[in-house]
């Protein structure tokens, strides 16, 4: 690499041109990937699961971020706790299923046994001098935001999660996500860098041509159109859209659900954005017929025509909450050119499959949309891997949030790198 | 790597012993592979396709060299053009099929649309300040040599392609490759470094034992035999071979096809060699019965007993042109230990499958021969990967062209490295 | 890697805490793996095969250690010889099957032909100046220890193999392994570093819960139990165990088989340990019914109730010899996180399958036990790959031999590194 004058990551960050896609190494290099894992995914709040997956004491899910495996478990006090999935004896991974129920956490290797608060309560043959209290499971920070579970692998997580929680709770509360159940969950591996997954998510410039199912319910106008491109037909359509938005605002006000846009994507670790958006036609849900997919509405909502609350968090998640169901998405980097996208569909926990909802109908839009996006991310990765690739310009209209994502990323990585270089060195190789 | 005193590539090149196979890192190291891609495959003329694949305007093939993807297309003026397959917006790979037909090149991501001359003619939502003329597709140099298409990824390609074209056109012209069609095409991945593929191609020391199909038509004597090894039987056979060669020369002279050997494998970027060779038995074609595989002869040829014109180009191609059909081969490195060998069989464009030729019969010899060679390349790669491997001696008789290939490679890499080290550094990571 | 202050392997070795598992890079890093291959597996005596696999002249097996392939062959004088499986011409791997019979070793590429003593006897086309005597196959050191074949890839192998042979021959001799045949052989790939495979092998702390088949015949008390953990039941069981051991010692003395424990795991290159162990219930064999799996006993043994002679060699092998059969195991590193475990079951060479023994019955215990161990090694590897992993304490009772394995490894790698740094540099890249 150094042969022809390597450009350092610091230099690449410093010379990044706002308004353009990133230089190739950000999408392709192993060094940048390792930094992304260490400085972004190990130091920020990462959306990984929903409370609805672990309703009872002992219910757990395991979550993998890089080579780190974390147990997220409902403990005996009904709180959500998180621990590194690493035995304190010889380090074995203890829980190997994606989810399950346990009374205690027992390592399968030599049966060291831990309580759900992480304390070691049994370790045979260790002799008199052995102190069990020094061998508790290592805790991981975990926070529930109205039922959405975020973990932070750093010892000192960003403090601004409180500000996020304060701002977002009123928006999320009416949907009562903690009282839902997971009706469906799909893992999809996209053949591209996680930042291409996120950039793809942050714009709808590509929707009209690529997402036939999604655009039944979605007004792409909501994502910014160039005024000079607007022809007469489009001008009329946009005017109609404005009228519909006004109707939705009246309804939101009547139902008491907050809808003011919040955009804190700049200058903070836990960047986020929310927007309540109108839905086309019947106006109820992101489904093929734009009507509710679940008869039982979320929480105590009674008005199905609420449109959708979209909520995006940096670095890796987005969520759409409607009156009848919610869809949550997380992107987890697997390698410089592979990313896991996990999608969960949530319905009221008392809704009955086959009676209140049909899984195929519930998932049809995003199942297809995700696969279409995966194909776009894959051609994006292939393209930026070419030596001929140079960063191109984002549309100032339809790609504003892509630029905000990149700006946040560059800002966070730069600041982490400058603080890291001052640290003394941890372990390596 | 540096732990026990790494030897630099420069040092390995400098100490290379003529007449012996290369040291192991040339076949196994990632660093050498990256240099091979950058300094050999991105700076020389690379055979990638034939005109016969893209006869009509809008016909295209995509070609991948490393992570570079190139569109080779017949443009609206019926010329062959080549472009990087990278959208100037956010870099997506645009054409994802190996071949097809297009009116314009439309990026599937956000529909930026390019003419077949590379100019951007449509890009929505980019606003008033956006200058389309700055966002044309990047051109790639492309040359047709009597229907054989070579590209060069460097901005300034080696100038000596002209000399090659001048020398070779008279030899190739009678076969009129531009007026052929591709009757069959097979991709084979060899489990070895591309230089082992090329070395294997440049000798016939291994033919007698390994290629039962090929040696039906091929005189291995043509590739150099050690005189002191010749026993009485072999001496008689070689004498017979000389007589047959003389007969072929008479015929070539009568038909007006040039046959003087040309060997420019030294001291030039675009090294090549040609030789018109007798064919055994019926003398017509590299087939199992040594007779023409296609009734319709190429161009306006009427004499089927023309033997075969062999034409080799550095770094990655070889071709055999007979009266009835031609076979072209290209080797494209995939990784230090994997190489794609693409073989195409060409017949007169008016020949009718099932009437004039049978694909199985046409391809039988090289289909089998390629697979046999792939097995040899694979054991070669395994062997040179052993720490016990040391370069061994080439036969001065049967491996002269292997030595010439290695000498050309060492010369080109050395000269590229010395000129590169003087450059200022491009981008890296 | 160097970004955040890389810790060198030397430093990791120096700071290793006795009594705890190794730091993560020893199990996960490519650099350590390369050093393990070079300094451990290329400089020590490695168990690779048994004489029983090559009873006749010309019988061979091929053995792969990293990228090195070795031919182990019974030569024309009925001695065991070993050669690098690399042709001296252009380096091809010559014998590609795991085993077979040859008269001479003929390279498939250009038919260079070698005698079973490694001398080159035929190489066509090489001309008058070519000296065949300079192109013999490269020899590899090989030693038979009572039928167990060890090779050493270094030019100067550790001299202490003689001491091993002197000590162990009396123990092994009664089982006459050279007069056995391989009744079954299974290759299993464990998804973990080779040292995790070895650590797993060196303790039985995990046996009670994980090995239902093995613990039918095996007394886990033999591997060390914590006294303070002993409850009344266990104390009674251990007392019973002591009585049974005394009975076995009487029998071993009567049969004239040595049984004193030898433990030379410290301060020597060719570390080893042996112990003759009682077998539970019928006391005969590591089978599901603890009775002999083969009616024909090994050598001239007539007493089936001999328990089992266990024999462990550093770095990579273990063996269990009973009256009726023997099982040998070798572990060969494939990559930092993959290890080949090869298991062979040996019976008297005159035993008849279906009459004297049944392969399923013979292999049932270790077939299952190996798969159980593979699962444990895999969760071990996953766990130590987490950034949250820290070395944990070994049990002073049940994991003493794990500590001895690690201590030997650290000692050998440290001493090799300090001697290597003084050397001049061999080839690199």
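Labels for the chains are A, B and C, by order of writing; each one numbers its residues from 1.
The definition used in the following text is that a residue touches a chain if its C-beta (ideal position, glycine included) is under 8 Å from a C-beta of that chain, and two chains touch if they have at least 3 such contacts.
Here the structure is a predicted model, which means the values were calculated and not measured.
Participant: Given that chain B and chain C are copies and touch, would you call their interface same or different according to whether over half of its residue numbers are shared?
Facilitator: different
Participant: To lay chain A over its twin chain C by CA atoms, how big a turn is needed, in degrees to the nearest 5?
Facilitator: Resulting rotation angle: about 120 degrees.
Participant: Find the geometric centre of each of chain B and chain C from their Cα atoms only, then give the gap between the two centres in Å, rounded to an integer.
Facilitator: Roughly 48 Å separates the two chain centres.
Participant: Please set out, as single numbers or ranges, the residues of chain B touching at least two other chains.
Facilitator: If we look for residues of chain B contacting two or more partner chains, we find 31.
Participant: Taking the complex as given, what residues does chain B use to touch chain C?
Facilitator: Residues of chain B touching chain C: 1-7, 9, 12, 21, 23-25, 28-29, 31-32, 199, 205-206, 209-210, 224-226, 228-229, 376, 379-380, 382-398.
Participant: What residues of chain B sit close enough to touch chain A in their complex?
Facilitator: Its residues touching chain A are 31, 35, 42, 66-69, 84-94, 96, 108-111, 124-128, 130, 135, 138, 153, 420, 423-429.
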